[in-house]
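Sending over a structure as structure tokens; questions will come in a sec.
Chain naming follows the written order as A, B and C, and within any one chain the residues start at number 1.
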């Protein structure tokens, strides 16, 4: 089937304004009759729930943490982009639009990206009004910094805690609506199923994580803003609880999963130190402004302390390979280059999976104090984790899974192919194409939540009668029974491997075979291994405790079951996409000097997968991508 | 290395709860404290025994989910460090470690080391915001805000809402948590408008939720993983008096 | 209502009454130190106070009110604070607070007991009939003689030493605390005030106990 993104036609500059005008409205008096479920309280979900509550809808919000403020958006460090052009350095909506399309390696919809760039400015204003303490200059005006993939300074930030401050802003707006009674928050609830009646999303089934109760919630529309899925790799920069569960359950009920193979591997993370490790920690990309990446030229030097290796024996591989961008090459490129060096057996540190990020030259040039001023907190964090002093010896870094560009397929209205199911933020596939630029995920989450969904959901709700189907409908009972049956099954297997052991196994397969570099062979290997892990899970998992208690083993088991099924579709998507673009690198498709080779002829489309059952071949639906405002071009950083 | 853990086990809010002892062999000094607990849980699970429940999520010290009193101090007493950032190399080989939940009337135990911090949410809901609408606000640069003020506000806004201030306070007072939010907004032009209403409502909510009164022990600042300063409590008191005079 | 029922409001009352009490303790110490000058000085001081007539009673009522309010709210706040932590951790390690801060209610109640004793001893004059010697014919008592004789027996001296040690504990936390409560401190002044607070405590302690001690060691004598 050919999918239609329902993008407005005509001049792109006015596309969103025209669309807003053409979208139906809901009579203010009727709004409170509509019940909207919003799963997720991160930037996307929190902003959406607060805004919709304020408009008068009866909103119910859900999150698995004990507070809306703890969604993983809180962890974002760097900043948020906006086309304000405050520094007067030539930025514009068009330039932000262009950079994002190009950064995404020409795999996103033009209209979506345009809208994002257009509302980016409103986001900053909104956050300032909420009391977000953005960095300011001495004149009292908002300060900007530069980020990768752009030649203008358009990133707004709040120290190293931008995501936290933006989320606290959305959370405060949400708190205000909770107090006002327009939003009801259900914390420590995990959505375990989407209830679909006659092809329309009508509610969710979730588990109360404290009591184990399986609850049914009906809604006239369901919003998923449940974040990304890169924990499919087990070790990633995401929080421990981030999962694909909500979106995958929706996929199992008919929503299409789009471009799941587009995963971002971030180049500057602290390397893994041992088998027991539970997660990886990101170090802001900004470090590459002053740090130089290198590995020893000779294999035998790898065991020596860095200080014993003469400059002539060091391979500053990024500067060598990309003389014009050097250490500031984009994320996908820098990550792959690091992996190449380690595959060449010239990695450093435990297991030789690491490269040096060396500040010695900058310290010599600028002094240690300047470096401390710029990155002090990062050096501190590095020392806390590794017990090494980054001023005295080079840091060791290694790429780690970080962000999911793929997600549930949505049209221009952020509605999935299942009517009534809306998907926002990292959970959808929309604006980042095959690679996300720094500081643009926060922008997308808030754009979707504050400025897109309040308009587009009205267009849908205006066409449905409120409260038509409630939780006494048979489908709700059926869904609750299915959820309960899955839980009982997991608890009763009583095998020998815990969820965390199996998750580690899955992660290993995904990282090695479906990670930074993918080949037909490795993907086929993964497609052999994943069903084996699935089999083992359903026959040999050991989940202690009961459902009727606070049970983290059970939570993990459920999430893992979904990751396993999802991993298969991710791998199939990677196998299908016979090209290299952005975060998806197929070793068969590279230029002579190892650069990604896109195939616009055959793959300039969104791959949306329809799940047909575990172990059954999923069906591929395509949405062709048209580029009318930006010319398709090769992305080069030489 | 190896350590001996004494862990608070409690099956629910109405269960009595006791300390249980676990010998943990093969601890790597590079492990984080929570990874060590993961290993304990792995062994317990393999044995078919109930695992130790503990809250955690980001494991990088920002979400505020992790919440354990270690050897009598919330988050273990390393300066500006959450439990999830605490590493085993900080302990000696053979160390005995006490691991307990936050304890306060306002934080009933859910299970083991997991407590219900909903009371903090109620304080936020009482007034921890500016009542601006989505859309229709002024340009971000319309009102210049001095760098010193923006920095002060940001210092207050660093709070991660973990509740260590309450757990460390001999009175289980939430005044640092409340003061940080009151101060963050009170100095900004956007937050000044409702400053009086906010400080009244938030302190009242803290009382209603069963938190104690602040008697200036300053334990909160000492155990705060973000080092939020008690000057924000003084600021809250100032704001309160201004509001009273109105 | 807000002032007398809210958490911060009652703290403000504690601080304001605390100021009154601290001020009194300081002025009282200054007055007492006239004993070092000699019998005439302290008797003159006592007589001067007496001659104020009704003002003495106004002053006493204000002090009584401040004291009573301070005590009532002190007890109420402490009970609430205890109730806020019904169960404590098995292990508790404090990083910052000290013995004085943690025992405010104890030192406060000891001070209450001390003040009652002190009033009976030197103001109402009922505890030791043998020390109250008349001075002149106005019904005055020779205060100098009363003080010196009063500290000739062990019990009063011990009670004063104990009482003043608790005053030290109470004030060494309370003094800086009141600045914080009234919003008068910030990150720079607070550490300074903490030291000043201890100093004030020490000065009060040394000042007050120097009188009984000097009597005991015979440096102040009849």
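FYI, a contact is a pair of C-beta atoms (placed from the backbone, for glycine too) under 8 Å apart; a residue touches a chain by one contact, two chains touch by 3 or more.
Everything numeric here is computed off the predicted structure, so don't read it as measured data.
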Touch-based graph of the chains, sorted into line, ring, star, complete or other: line
Geometric centre: closest chain by C-alpha means: B
Geometric centre distance via CA averages, chain C-chain B, whole Å: 37
For chain A paired with chain C, centre-to-centre distance based on mean C-alpha positions, whole Å: 63
Centroid spacing, where centroids are CA-atom means, of chain A and chain B in whole angstrom: 27
Partner chain A, residues of chain B touching it in the complex: 11-12, 28, 30-32, 34-36, 38-39, 41-42, 44-46, 48-51, 53, 55-60, 62-65, 81, 85, 87, 89, 110-111, 114, 116-118, 120-121, 124-126, 128-135, 137-141, 144-147, 150-151, 153-154, 157-158, 160-161, 184-185, 188, 190-191
Chain C to chain B touching residues, read off their complex: 2-3, 6-12, 77, 80-81, 83-97, 101-102, 104, 173, 176-177, 180-187, 190
Residues of chain A defined as touching chain B within the complex: 47, 50-51, 54, 65-67, 69-70, 72, 74-75, 84, 86, 122, 124-131, 133-142, 158-159, 161, 164-165, 168, 171-173, 175-176, 178-179, 185, 187, 210, 239-241, 273-274, 276-279, 281-282, 381, 384-387, 450-451, 454, 494, 496, 498, 500-501, 542, 544-545, 549-553
Residue ranges of chain B in contact with chain C within the complex: 6, 8, 19, 69, 71-73, 77, 98, 100, 103-106, 168, 170-173, 175, 200, 203-204, 206-207, 210-219, 221-223, 229-231, 233-241, 244
